[in-house]
């Protein structure tokens, strides 16, 4: 059954690139993003390196050159191609990458007939890793398409459609509570250990902030009033001339994976930085929730806290730090989450780009506060 | 009595520049630092702008041009000279700045004969602000002198001399505790509100990490082993070729305000980034304390927690965030602390450069994790 | 007959990309280079814009968006996509570009049945322009392939093979002479007007500098001796750590369009900057010729001045300036050569990458003195 | 008599800084400029290094550290402090520099009682070098003052006052002529060898372009019309938002060493780049003269060619290249002129900032075409 899931996830990666032109496979719009072909190669390298090479007798490791090209950031594995130059890797071409994926699939299939101790967990990790890259691939593609005058359409059906209902304030009494992953289901190391946290009473919005709500902030001079911003954010506003969320276009349009579209005022605002979310919250007389508040409220209120999942990642007020007693996994695979615990903010929930089944209440996503290309939105607290 | 304190603090600023050559007054070693003359002008501008202009009838405000030059980051006051170019402000010359300081001193003296409501608090804030800049002036000067081949000596007596004793681990049982400022004494807004925090049991070192201890980290390949570092820190290590704390020199020397000196192995290591402190802690099998742990342990153990003050600021594991329920002061003066609550880490304690009397157990100092020019050191937790 | 030539040149552009993978079509290794697909689109845009739109009744102009993307630097035509971001233009895909080329070919074929006044000259210019881009395409591709760990082979047959003979010094008595284009054959505006120049007596080498000769310069500390270099060049040597020509690899290899190859000591040295050519000349006790000397000597000595064409472009000592009385062509098409007459040096001759028939004795090629990716070599004078 | 001249020139350097505040001595407005104190130290270092150390028995060489700090670009002498960081050298303070100058003056005075062979020429070179730096000091100071909101006045008398007369076109028949230094008087190596040049007939303006003339260019959209500009210049116009000469201010004012002043329409336009001079010339239907034309016309027309000297340096159309047969002086001193013969343009004449007696008809001044802070203006040819 793990095998079935695995193969379905693997297949989905290839399905995602089906609508693309070959040239799109090379597209890297900025240093933070990666080309689609690279995502396909890198997720394959992950299985080749961490599952097949150590555990599948007779597996022929990929070319060291490919390992150099498709390693993302695992220093323990060796040197790697500089990230900002992934868009220069025209070779191997997609055909060779897909053939490599087939070899790895075959190897995994054979290995999972009778998996040695620990392999199931590694395969599960590789599978979750590939799901993460499926979302990254779509985010990165949106960024790359957004930079082109021709405004390409990835998929007319790829769009989020949601009309927000009126906001309620969900009361949370606070007190001594617990957050973090619980139980046997898969989770990342950064969600543990589950631990106690003291919370003061607070309220959380039942909903997300809408495009109309955010337009009110803009109309009220939101991008011209330094008192609403963190100093660092205000510098960015001026430096990059931010005046609206990243993909907003003139005349009430926005750029999406379905191309240029009319912006729905009642849809949730998205693709904005933590600084914008924070400034909006201050303007509205509220604030962003901490990640503990977010997780606790979801446990308390369940479905009444709408859109916790599968709509937009939600910025929190929490810097991404280790939970008390956190220990990363041993070995190279431990470079997964722990080494990014500086200068980033936590996002909670999941988005419409997140592969179905990948979401989790204790999930800790993280990005630098200036990042805008993720599918991120705003939920308020007070 | 406030007046006496005020005048003593004001006088101290001018005493600090007595050993300098006129050219030193213009010295700005990097964009993050400011020239000594600018610090003297800026602290004066603070009193002129926030105390005398609104409250001293008949006070003649300083030239708007000077306000433009000596405003640091108060957007509500108006435009300002770009920080990286403070070192280009040869005019007004020091004589004119000192004359301005005398006028402001006279104005404050008159005003404090019969201070209107609220003025005492503003003067107190201006006084504390000037003390902060006294430490900044010395930090910045050390940076500027460090960049010169001639290795100037600021003051042969200006050095920290301390021999560390053997480290003890102070046990702290944790539980529900409180941190934040309490009582009527002066404090900054970011130290409030006092609030409850849940702590798991931990131990804190009684002492700071020594030069010898840190040399052990270096000798063990600390700067060559990516697994010890946050990813962001490792990038900096490679980019800037960091190989030791900022002011270490070859042959067991270091650069100080007393010039080039032999480094004492038993003195505390200093002038290193949060990334280096964090990597050292990981290497030693410990970690940095959170700011709540630091403050709680000091309350619990008192003097047994040595060197909490007047030696070195101590990096914590805590990102600089608002306390639950934090509200900045109203008005321009509220731009003091709150707007820097992103991408910085908290340091606790105080340093040998901190003006006597300025220290406080609830004091939250903050700097970006890559900063190295402050008088910062390491205290471990586990 | 012009039509035959035209169609042959047009066909050749498409033949040049036949060995490429689709991903290679997007490859832009640096801001100075362009992707292969862009070269095919741009040369087509040239005909569409300057020939068909003004002269072919009923011609449907290309999409303004495509004009924006494929305009190189013609300000009179309108805004254009920033050059450093040509590698982000995944759309239009190659299929659409090739279909556009077919439409333009058909339009040109129809137009040339009975060409209006002036059209022949414009078509001739477009044809020469496309030939220039054929060489650029190969230069740029070599740069892009050179940046990849996988060391792609473009064409095993694409390499220059030449063994240099022993150098002779060709004597030239100087005096009042003439340079510049003469006659009715096609030429660029910058080769005119033909004009008088006074030359002092000089000698020119019959041959080019070899890899072995250049290796002698390196072995003699050429890249470590500032006295051999222009100050600007010496700064570049240190900044970029230049230690050899651009495509030299360790163990006497070099990277070429035929992949990594053993370097032939008797082949001409190539792919080096003007600064390297100038430093080499100084080291060898000679100098670079002026462009007037080069052109005059070729007229005087003919074939005895070997390798004037079809081997390597040859750096001269001449800055690229207008000839006395130079007038660029009227209109947008006049932005071709004249506006680049600053901060560049003239190269004379042609290279093995130059399309056959494109070379001319009065041809003035030009590049900034720091450029290294062209097929440039060294001929000495004294 | 050489000694008298020497001492007068040396004294003049110190007189130039008399109106300055001590802080001004540290002022370095940009990487291309140097602080006044540095100019005083560097010119002294030149005599110490090239005259006294090799020729004055018993001379105590300056501290190697000072040599490191005050060496400008003489690689043969050793390493040096990075130019962009000269503004960080607060030490040695001016007092120590002036004392050093006195020691050097005394040494030179003793040496010149009975100068060994070759010393007179070296002293002459040092003297001319110091004169060059006197002009640089004033140019650099103007740049540094220009960056300050307080608009300092260096010297109310320091300004150029000149009302241009109506322009005449001076006819020059051309033919075979000679340029370059002739005779025994002092000259720099780059003015030789005198050599033959062929000139076509041309006309040269008797005068310089006025502020009013240049204002006409601006009013006619000069800074908005790409067809008037070199491509490289047009990029700079857009990048730096050039809209007028460097020191023009709003409301018909300009910034000068005498502070902010009303701009005289009939005074010559100044402080503009070669790109602006070239664009203006194109707009006016003329061109810039070559340096050979300039020098030849001055020989032919003498005083009828007004303002050749002591008003403004005049941009020419000539790239700065070696004269045929040029040989730099042997040794470190030969790094004076020859190594800058790339990517710069020649200016002829002299300016009102040039020390009296320093000017010469064959003088070749040179700056990169983007430089604007020199005292440069425009003379047209056609």
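Things worth noting here:
The letters A, B, C and D name the chains in turn, as written, and every chain counts its residues from 1.
The rule is simple: a residue touches a chain if its C-beta (ideal position, glycine included) is under 8 Å from a C-beta of that chain, and two chains touch if they have at least 3 such contacts.
No experiment lies behind these values; they were computed from the predicted model shown.
Of all chains, the one whose Cα centroid sits at the greatest distance from that of chain D is A. If you average the Cα atoms of chain A and of chain D, the two centres end up 58 Å apart. Centre to centre, using the average C-alpha position, chain A and chain C are separated by 45 Å. Taking the mean of the C-alpha atoms as each chain's centre, chain A and chain B sit 36 Å apart.
Among the residues of chain C, none is found touching two or more other chains. The complete set of chain-chain contacts reads A-B, A-C, B-D, C-D.
Only residues 21-29, 37, 65, 68-69, 81, 85, 87-94, 144, 147-150, 152 of chain D touch chain B when the two sit together in their complex. Taken in their complex, chain A has these residues touching chain B: 73, 75-76, 176, 195-198, 200, 226-227, 229-234, 274-275, 278, 317-319, 321-322, 324-325, 335, 339-343, 369.
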